[in-house]
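Paired with chain B in one complex and with chain C in the other, chain A is shared by the two complexes that follow.
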Partner chain A sequence: MTVVRGLISLLVFPGALFALPAGWFMMWLQRKINARAQGRIGPPFFQPFFDFVKLLAKEPVVRPRLQGFLMTVLPLAAVASTLGAIALLPVFPKAGGFSGDLVLLVSLIEVGPLCAVLGGFVSRSLYGGIGASREAVLTLAYNVPFLIALFALVASAGSFSLAGVALAAAWPVRVLALIALVACIPVKLHLNPFSAASAEQEIYAGSTTEYDGPRLALWELAHALEWVALTGLVASLAFPVADAAWPVRVVVFVAVSVALVVVLSFAAASTARLKLAQTARWFLLCGSGIALSALVVAFVRL
Partner chain B sequence: MNILNIITGNVARGPQTVRFPGREAPAAAYRGSVTMDAAKCLACGICDYVCVSRAIAVTPGAASCEWTYDPGRCTYCGRCVDHCPVAAVTQAGDRGDSYARSGAQRATVTVPYPACPQCGRPAMPYNEAVLGAAFGDVSAELRERIHLCERCRRRATTAALKANFGAAAETGRSDDGR
Partner chain C sequence: MSLLDSLVRTARRRSPWLFHLNAGSCNGCDIELVACLTPRYDVEQLGIRLEASPRHADIIVVSGPVTRTTLEALQTVYAQVPDPKVVVALGSCPASCNMFAGSPTVVGPLDRIIPVDVYVPGCPPRPDAIVAGIADAVAILCGDVPRPEPTHVPVVADACATGGLS
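Moving on, here comes the complex of A and B:
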């Protein structure tokens, strides 16, 4: 991966230039679908963008210097790491990547929730603290199936590079692993039924309760980018169009990502929130079961 | 799976809500932003005194008075309007625009003090209605003195007192020896 190619993936596609509008579009689509499922008209198309601009223009609450610094740096780190994760997505698997970029991708994806946990505690709000502790418990829970599923893909493909996994993983393994990965997405995006970390009826906004103005805008941005990163990861692993021109691959990537948003939104609209312990149990038993079966299939094939 | 029936029904029926209206006209007699007419103001500072949220600040200066109003702090209670003795403070029927920075809509009105007709120094503004309420029947002498600055008014009062005493001295003592 040359420097120029890396910069293009970070800044143009699938990076900032694509990911920002795509993230806002996905957030709008989720809210619109949720609204329509509830018989409401829903937000206008540019609402996530308007929210972002409005929050940026707001004057933040004056805080102690260290707290203000941390509350600015943590969402910034979440935005930067999620953008880095998006840049690593194997949209063009034949173009390369490097060995071990899957490990880097997983760690970059995990920086966002980690920052949310720290940010919740740093804000010194009761609700922020509860949200952060729930986020931490859920992160531990969903990472068991998430990592097992990725490990199954790695074992099947025999490679730690994302391009290798996207091209070489066996399909039975891939289908099972992707089911486990898709099940993990609602937790990361705080969607029903796994939205205990930001249960607005109990703990307001969870870890971001105390955030305001530009700091909250950064969290919203990180959230929008997480949508692109997670749906994009599944899309690029589910449909690795290897032998097509680049516009076809881009269209397939975007279409699968958006389809996934639709599925997740309808799933969120039709389910109720599980309790924290129920969510954790679900991931440790059901989610891990699916992921483990993928791993077993991978090793049996080997 | 009753929830699926509900969702498909909702999607098929279409939205039951309407788009949020851009901006509704406020109701009649809506208590909105406070404005002040500098031509009527007496610079008495009562609006500053009664303001519960410190939205109004009256800062007297040497030749003029600064009247400052911040809608971001205002609770639109209307006490300043009720207490203004000369109805210089009024409330608009609209709530004003939104703003991003605190103090962004702070407005300052300068109330100039009129010049004293004798010495030309700044004198306090006055109002006919308040004059009538305070003194009842306003004599020509009082009407003359109300324009003066504090210093010239004191002089005029002293001169009048002296003149009265002089008149009393000329008429002589009273019969009972006082």
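Moving on, here comes the complex of A and C:
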């Protein structure tokens, strides 16, 4: 991957220029679907954008210097790493990438939740601490099926590069692995039924309880980018249209991402929140079961 | 007015987040406030969200006559909300202490403790009155309407400046 191509995928597509509006659109779509499912009208189209601008324009609360520094750097790190993960997505499977970029993508996606855990504890709020510890427990739980599913794809394709996995993974493995991956997305995005980490009726705003104004705006931004990164990961692995022209690939990538948002939003609107222990148990038993079956299928086919 | 200013004003007008504080209310006003979120009134159309943390809020909605036990929490929460902020007194209790006036356990009305910008009278007020009151608060928040002069000088203003937790 050349430097120019890398910069384009970081800053233009599928990076910042695409990912920011797309992330806001996905957040709006989720809130809108949630509202429609409850018989309400729901927020206007530009709502996440106005929320972001308003939060940026609020005066930050004065904090002790180190705490203020950490509370700014952690959401910034979450934004930067998620943007980096988006830039690695193999929207154009023949466009390059490098051997091992799947490992980099997974670690970049994991930086966001890690920052949320640290950010919750750094804010020294009781509810921030509870939210952070829940986030940590859930991260440990959902990463078991998440990593097993990705490993099944890697084993089936015989490659650690994203483009290679997207093109070469066998379809039975791919379907099972994608089901396991999609089940992990609601935890990362704090959606029902796996939203225990930000359960506002129990623990206020979870790890972001103490974050105000611009610092909260950065978390919202990281959240919007996580939407794009996670749905984009599934979209690029599910429909690698390698032979088509680039506009077709872009359209397929965007369409599958949005369809996934719709599915996740309806699932969130129609379910209730599971308890922390129930969520962890679900991922360690059911989620891992699906992912392990994908792994078994991958090795049998080999 | 520059483009940035007008963008910020529009954003403030379109995205007011509320924090609801019960300062000894009987729960009547609280239920009416929650009714604003239901399908019939659906204030999310106006970008309004009921936030869980005062740090996220723009508008503080206070119900209740301010009892002794909630006084400190009220001052802490008021100091925790980042500027710019607007205070809405929800119901008759924070405006006048209502039927609790003169009680030894009540330190209200609310404007003796923190500056109040909008009053929504009623016992309890109807949800449409609450939405209208929040619309007035939003107009103050984004600068369309000047902030009203405080009717009382808050008597316990010094405690507000200490900032509460952390």
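A few notes on this one:
The rule is short, and it goes like this: the second predicted complex is superposed on the first by the 302 of 302 C-alpha atoms of A that agree within 3 Å, B and C clash if a C-alpha of one lies under 4 Å from a C-alpha of the other, contacts with A are read in each partner's own complex, and residues count from 1 in each chain.
We take it that a residue touches a chain if its C-beta (ideal position, glycine included) is under 8 Å from a C-beta of that chain, and two chains touch if they have at least 3 such contacts.
For clarity, every value in this text was computed on a predicted model and none was experimentally measured.
Superimposing the complexes on chain A yields a three-chain arrangement in which chain B and chain C clash. Applying the stated contact rule after C-alpha superposition, one finds that A:Val61 touches chain C and leaves chain B untouched. Of the two partner chains, chain B and chain C are each touched by A:Ala35.
Once the two structures are superposed, chain B and chain C can be ranked by residues of chain A touched, with C on top. Contacts of A:Glu110 after superposition on the shared chain: neither chain B nor chain C is touched.
Of the two partner chains, chain C is the only one touched by A:Glu210; chain B is not. Once chain A of one complex is fitted onto chain A of the other, the partner contacts of A:Ala269 are limited to chain B, with no touch recorded for chain C. It is stretch 77-85 of chain B, out of 77-85, 131-139, 149-157 or 167-175, that runs into chain C when the two complexes are superposed. Taken together, the two structures place residues 35, 38-42, 44, 57-59 of chain A in contact with chain B in one case and with chain C in the other. Here chain A touches chain C in the complex through residues 31, 35, 38-44, 46-47, 49-51, 53-54, 57-61, 63-64, 67, 123-125, 127, 200, 204-205, 208-213, 216, going by the rule given at the top.
Interface residues of chain B, counted against chain A in their complex, comprise 3-4, 7, 10-11, 13, 15-19, 100-102. Considering their complex, residues 35-42, 44, 57-59, 266, 269-271 of chain A touch chain B.
Listed in rising order, the residues of chain C touching chain A in the complex are 7-8, 10-12, 14-15, 38-39, 42, 44-45, 47, 51-53, 55-56, 58, 80, 82-84, 165-166.
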